[in-house]
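Encoded as structure tokens, here's the structure I'll be asking about.
A, B and C are the chain letters, set down in written order, and residue numbers restart from 1 in every chain.
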Amino acid sequence: MQRNPQLNEKGELQHLLSIEGLPREILMQILRTAESFVGVTEREVKKVPLLRGKSVFNLFFEPSTRTRTTFEIAAKRLSADVINLNIAVSSQTKGESLLDTVANLSAMQADIFVVRHASSGAPFLIASHVKPHEHVVNAGDGRHAHPTQGLLDLYTIRHYKQDFSRLTVAIIGDVLHSRVARSLIHGLTTLGTPEVRVIAPQTLLPAGVEALGVKVFHDMREGLRDCDAIVMLRLQSERMKGALLPSAQEYFKNYGLTSEKLALAKSDAIVMHPGPMNRGVEIDSSVADGPHSVILPQVTFGIAVRMAVMSMVAG
Amino acid sequence: MQRNPQLNEKGELQHLLSIEGLPREILMQILRTAESFVGVTEREVKKVPLLRGKSVFNLFFEPSTRTRTTFEIAAKRLSADVINLNIAVSSQTKGESLLDTVANLSAMQADIFVVRHASSGAPFLIASHVKPHEHVVNAGDGRHAHPTQGLLDLYTIRHYKQDFSRLTVAIIGDVLHSRVARSLIHGLTTLGTPEVRVIAPQTLLPAGVEALGVKVFHDMREGLRDCDAIVMLRLQSERMKGALLPSAQEYFKNYGLTSEKLALAKSDAIVMHPGPMNRGVEIDSSVADGPHSVILPQVTFGIAVRMAVMSMVAG
Amino acid sequence: MQRNPQLNEKGELQHLLSIEGLPREILMQILRTAESFVGVTEREVKKVPLLRGKSVFNLFFEPSTRTRTTFEIAAKRLSADVINLNIAVSSQTKGESLLDTVANLSAMQADIFVVRHASSGAPFLIASHVKPHEHVVNAGDGRHAHPTQGLLDLYTIRHYKQDFSRLTVAIIGDVLHSRVARSLIHGLTTLGTPEVRVIAPQTLLPAGVEALGVKVFHDMREGLRDCDAIVMLRLQSERMKGALLPSAQEYFKNYGLTSEKLALAKSDAIVMHPGPMNRGVEIDSSVADGPHSVILPQVTFGIAVRMAVMSMVAG
């Protein structure tokens, strides 16, 4: 049996590459650790010395200011030294291979590599080549995984709904191109959510998505019925222009979340979105800013979740 | 009566948006606080723990390495964690609104937003939407205000001349497009400067500038007579090519500060410039590097002033 | 006699501009100080408080993520505050002179300027204008010098071979365009290396290179014979396309280091490369990743050497 590349021989978290394959107990440990950091980020002095003297390299092979910022803040609040590297503009253009770049940074005595890469599997490749005391955190690879976003979604649902075992969760929109959806579906399933739904036009669903253990809906009104948590996905503007969709207006009419459609879900349903939002495309402002929205708390919890992951692997 | 958006209900500084509207006592408090930091920046260990564990976000919607650097240094010397965000290349291009971007960062538990934006009023808009424990410092908005530059000019004049109540100050050059001039004129007036002059061709003066309480001169030799402090403004290179001015050479002949023209001012007059200088356009090198120039001390005082503002709002 | 611009009146290191001109004793002091930091970078908490409260400005007038990163890490491990400035995109484009830019930053109370510039001599020019308590470290200027790279090469050779006085060292490749080769040759000579060889086609050697005290070889098999240390140089991709070389394949055939050619050197020879490597052009992967390669330890020692230099000038 091959060892789980995310765990060390004691079964502890060594890298965070994907929610897929993480045991339930590790997921719960991340959520509980994050809970302890939510308090820290609300204090006057928002720092703990857990990673003092450790070096965190933000290795961004494709730009994402938002994601980079959340990791940078999380690392600084753990007292780590943070080095931001936008690799698109440096060595890679000099023809150096990904593994040479990482070996080089590793020789500078790195502790954590936060990796964002357009190619699925790049963080796995890096994790399989670093030294035992080095750790890789996937900050989004291709269409594959974005585990800290999935974890913060899980944290948010648990915060508002406590017990996963009685929930119906709907994920709505561009599941096909989403790094988030896949991570989240695996997490929800692992934590025992009885019903996970995806709601989208056929053109925005991966082939065979049912195999992940979800129920597929093409009609939003049907799919929203009796939901406890609704996760809206961002529609990339490229899609709006492409052949996959007729128009942004048409999409909003069918799959945009409005107050009227939201009324079909449970009366205490929460609405989530990974941001940045396209108001009037996937979500109406009355919902985004309304009483069911937990979109901004998600961001706050996201810092705590990233602190939890980094302190668990390297603390 | 509407409350001053820059002060909290106790009348303390809550945001720094514009010198306009700041009471004399607050201006003096900033200048006195800055004085205490000038000593700090000259020590071996140039740090004080006043903002330890606080997060300062440098939100630059237009690039300005020089201004960003001064705020970054000031924040680090107060022991804050600093996150630099060049927003032009990130979320804004994804179609997210200014207020969504700020709400998102605010959810990461920000303490201070240092905002640079091409649109007049953007920092005001942000300040009216952040939470009570969050603070906005305007680092330049459109042609409107650049209050920390104005404050460091006031600090510099006070440092060399002590009492504003007997001074004649001349501001020379492109008042029309200057973020600095407006801030400074308000500050000088508030602190009781009896004579503030602007010296410029008609094409580089805003309509109705006299209403700000300044005397207008078009002839530099007249305007410089008996001045105590001379504030040169930077001429943007766009102007030199435009219809507003005949040529850089012609401008220098009429409005460039030379030793010969400087001799018309008081013998102990100080010469200031916000930088970067166009030597040979608005100022001659013999003046820029001469005994009357306090251009480099301005930069030093600028760090102390920014430390003062940040520690007053969030300390 | 003109004073050495790199030393203060007590003969201590004041700036690091070039290995050329550094006395043997200073070179040895840097290497010994670096040795003490190699231990630090292997600890749990990789920080020492030697530069706490000091400001290090990374002034990069041409981009080099790799070099900037090594200095940033070294400075942070000394507990300094680091400000990264990519000057190409800021003031220089506003027409400000190099010395005005530096004077401005100096007024912000800098302690160390790490300078990378395309023009030979720029760091010397800056060093001749800064205040006595400010220090300049050359991070590469034109084709001239790259002293910290040369120093880390010396450190690496000393680490594996101890005594320079019995060594034969070969430097192979594009000596003409290398910032590294010149620095290293001077260092090796100063530390008493009896035989320094350069191996390259005539087109990649500077005229009169023999005057530096090296033996010239055009045939790699001859030049490698009995070497203790082999320093491969990076071949810039521009050269491969230019008139200087027939093709990358042809270059590799003649000057690429393969296991077969390496066998001509001593059996315990070490192989070095400044990175990033062009595998299959100047070096074969079997050598780069083989038992003689000390390419990754070079990177580790490079951090320690930069910590040594910065702590010696400003500590």
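Note that in this section a contact is a pair of C-beta atoms (placed from the backbone, for glycine too) under 8 Å apart; a residue touches a chain by one contact, two chains touch by 3 or more.
Since the structure is predicted, the reported quantities are computational estimates derived from the model, not experimental observations.
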| query | In degrees and to the nearest 5, what turn takes the CA positions of chain B onto those of chain C? | reply | 120
| query | Which is it for copies chain A and chain C: same residues on both faces, with over half shared, or different residues? | reply | different
| task | Averaging only over C-alpha atoms, locate the centres of chain A and chain C and give their separation in whole Å. | result | 41
| field | chain B: positions in contact with at least two other chains | value | none
| message | Touching residues of chain A toward chain B in the complex: what are they? | response | 41-47, 63-66, 69-70, 72-73, 76-77, 237, 275-279, 296-300, 302-303
| request: Over in the complex, which chain A residues touch chain C? Could you list them? | output: 52-55, 81, 83, 85-87, 89-91, 94-97, 100-101, 103-109
